[in-house]
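You will see subunit A twice below: alongside subunit B first, and alongside subunit C after that.
Up next, the complex of A and B:
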């Protein structure tokens, strides 16, 4: 495999053909945050949190999907990069429910962790939240799509690792959503038995293992109908 | 990185066919009933989620039943900035976007760019494009569609 050199944050690094900027950075101990990237899945490039500055490039580039090239000069934490990451994070949080304090994912949440790392608090943008009813019917998985940031990881984990294709992405723009079948009833698929592969991939509290409290619940689930509902 | 035309897997071909089949069905049936999408998914070996996802992404495919004629007003930026059209169509046919007239003559939908930005504001009725529209022209155009 061909080796060549490039520069990250002023230091020379060695890269091999076919590596992405992110892979080389991580190999050299440089921490670039990611939400939609996982080494186990095909590339998505959706979240834009991993953007970096490449000398000569007009725009910032997503480091998770941009191949590194010989002689590339890269900045992973320049003011321009951090500014972009912060605004992206603010936009993600703007439509994310502010319920961290009661969320099961709590301190394991990637979204919350990266927001804290970037020093992003309450977002400046006040957008209507996309509230969906809690899907807690299935004994194998609980979905709260209000918390989803559409990183596609669950969709890809299900199709690429579990080979089950339970999820699809439907609708468009602000309305887009990870759906199951015709998106007309809470997720409850028998193929999910003994699987749960998608759950640890979720960077937010949108996917969780059903908690014993929920399983014991006998009353009708609370259904919140927001404007985002079809 | 190294995917070339020769590498397209059987899986990709299956998905490639999906959009064409949905388009054909939309033309023939006027909408995409759930039963049809379920059968199509089964016959292509895809999941229903995937078929439904594709069908709801494109504004020219509609999962629900629609009227005999479909009015599609462009809501992309250039047309949106010249926004009189939506209100005018609403006044003309009496129903708003996403609705169908009670006689089933017209469905009214908003669509993404129809490639007529130079003629904004623009709309389509069935397969015909109308650009540079003014509210006064609407009755004359719509009376051609029964």
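Up next, the complex of A and C:
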């Protein structure tokens, strides 16, 4: 494979043909946040959190889907990039329910982690919150579409890994939503059975394993201690 | 400068239902000339030399697009005619299709020959469903007369989505998928329809092709300005006495079109290029209409003193929010935020910080949206804030 060099944040990097900007950056220890990207799935380019600045380009480019080219000069954390990422994050948070404290994924939520990393707190912008009833009928998966940020990783995981095509996308614009069937019933075991492949792909608490009701806790109880006590 | 009808030369002259009226008037002569006298490479060189640029709004050099597609490796290639004329205030393609479907078919067939495609598509917008029979008839007549040898044209109908006029969403729609913008690169000339090299041209672009072949690239490149050759078809509407389709040489002043032909009385501002187009104050009426200045898809909407710019920008944004496909965050969420803010201004409830929010949001959307819709959606907001800021300030709530 042909090797060539490019520049990321002022330092020379070596890239190979067919690599994306994101892949080269990560190989060189530069962390670019992503929400809709997963190395196990085909590319989407929807979330726009991974945008970077490429010299000579009119707009910022999505690093997850843009192939790196010889001599490319890239900035991954310039003020222009961070400003755009912050606005995108604030837009996502503006319609995301503020229920982190009772959310199953609160401590492993990519959305929250990236928001914290970008120093985004309360969003500047106002949007109506999405409200959809909790879909907790299925014994295999609980869906809370109010929390969905439309990265579509569940759609892709279902069709590309599980080969099931349970999910689809319906409606458009702000109303667009990941749906099951014709969006006329909650996700239940009739359509999706004992798989759960999509759950770990979800960057928010929209997809969770059903909470274990009436089961004995086998692991040690989780005790959160602050550093001050140690 | 009076009107110069090159693209529209046959409109109203021939019978759109009868191909023999077209054949009497140099019909398919360019196609014959291309196939007998020119190799595909010479043909592409001719189009490149003519300086023809895409008429759909972006102005990408047509010859270059053909060349890239023709050189791209692939066993199957496609030509697509974008007849999803969705931009607000454009109706030129409709007028062309209604009156002269044959030149379009000839242009499409020539494009197919140039890049080595065996199949062409016409993507017809849902609202032009009534033209389906006319177009199918025109294609069948051409086929019956042996004018579509080794090249087949199929019409695909849209379902009413604005986004499907964006080339990558258009291809998804033809493929039978949900119409959504794709990330670029890859661009259509390398991987387009069904991941095969594809040329996508606007109706008006293809209408120019037969004339360039017949009259030569020099004839064409003599018209217009340095970087915008030929003529442009404009759709003029709004507060004018004679709203219609006009064709002018590139570089003609806006005044010629708006006051000379459409007979506008002094207006307040003009929206050029549709919902995502530029808003210019009426004082800029001497601006030349070409790619170097302002052009877009050629939609000109004139607004007089009685019109409220904040309300017009709000309604434009409502349209864009409705038509956003919902794929990328800045466009899906950002247009909706803007509708909320503009609503406040329209009701006299704006706040000082809302103007700042609009500006910050605009710049982020323009920089990071996935496709042209999201990148251009803030343009009316940015333009109106720059030139008519006092209209916004007057709507700030006073305590």
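Worth pointing out:
As a working rule, the second predicted complex is superposed on the first by the 209 of 230 C-alpha atoms of A that agree within 3 Å, B and C clash if a C-alpha of one lies under 4 Å from a C-alpha of the other, contacts with A are read in each partner's own complex, and residues count from 1 in each chain.
By definition in this document, a residue touches a chain if its C-beta (ideal position, glycine included) is under 8 Å from a C-beta of that chain, and two chains touch if they have at least 3 such contacts.
Source: prediction; values computed, not measured.
Once both complexes are superposed on subunit A, the partners subunit B and subunit C clash. In the superposition on chain A, A:185 makes contact with neither subunit B nor subunit C. Contact with neither subunit B nor subunit C is seen for A:5 once the two complexes are overlaid on the shared chain. Contacts of A:211 after superposition: neither subunit B nor subunit C is touched. Looking at the shared chain after the overlay, A:14 reaches neither subunit B nor subunit C.
In the overlay built on the shared chain, the residue A:126 is in contact with subunit C alone; subunit B does not reach it. Measured by the number of subunit A residues touched, the leading partner among subunit B and subunit C is C. When both complexes are overlaid on chain A, the residue A:47 reaches subunit C alone and has no touch with subunit B.
Touch criterion met: A:166 reaches subunit B, while subunit C stays clear of it.
Of the two partner chains, subunit C is the only one touched by A:95; subunit B is not.
By the touch criterion defined above, A:84 reaches subunit C but does not reach subunit B. Remark: of the candidate stretches 22-30, 94-102, 112-120 or 130-138 in subunit B, the one overlapping subunit C after superposition on chain A is 112-120.
The residues of subunit A shared by its contacts with subunit B and with subunit C are 67, 169, 171-172, 176.
Contacts from subunit B toward subunit A in the complex involve residues 1, 34, 37, 46-54, 56-57, 59, 112. Subunit A makes touch with subunit C in their complex at residues 43-49, 51, 59-60, 62, 65-67, 80, 83-85, 87-88, 91-92, 94-95, 124-127, 149-150, 169, 171-176. Considering their complex, residues 161, 163, 178, 182-183, 185, 321-330, 332-337, 340, 357, 360-361, 363-370, 375 of subunit C touch subunit A.
In the complex of the two chains, the subunit A residues touching subunit B come out as 18, 67, 164-172, 176, 179-183.
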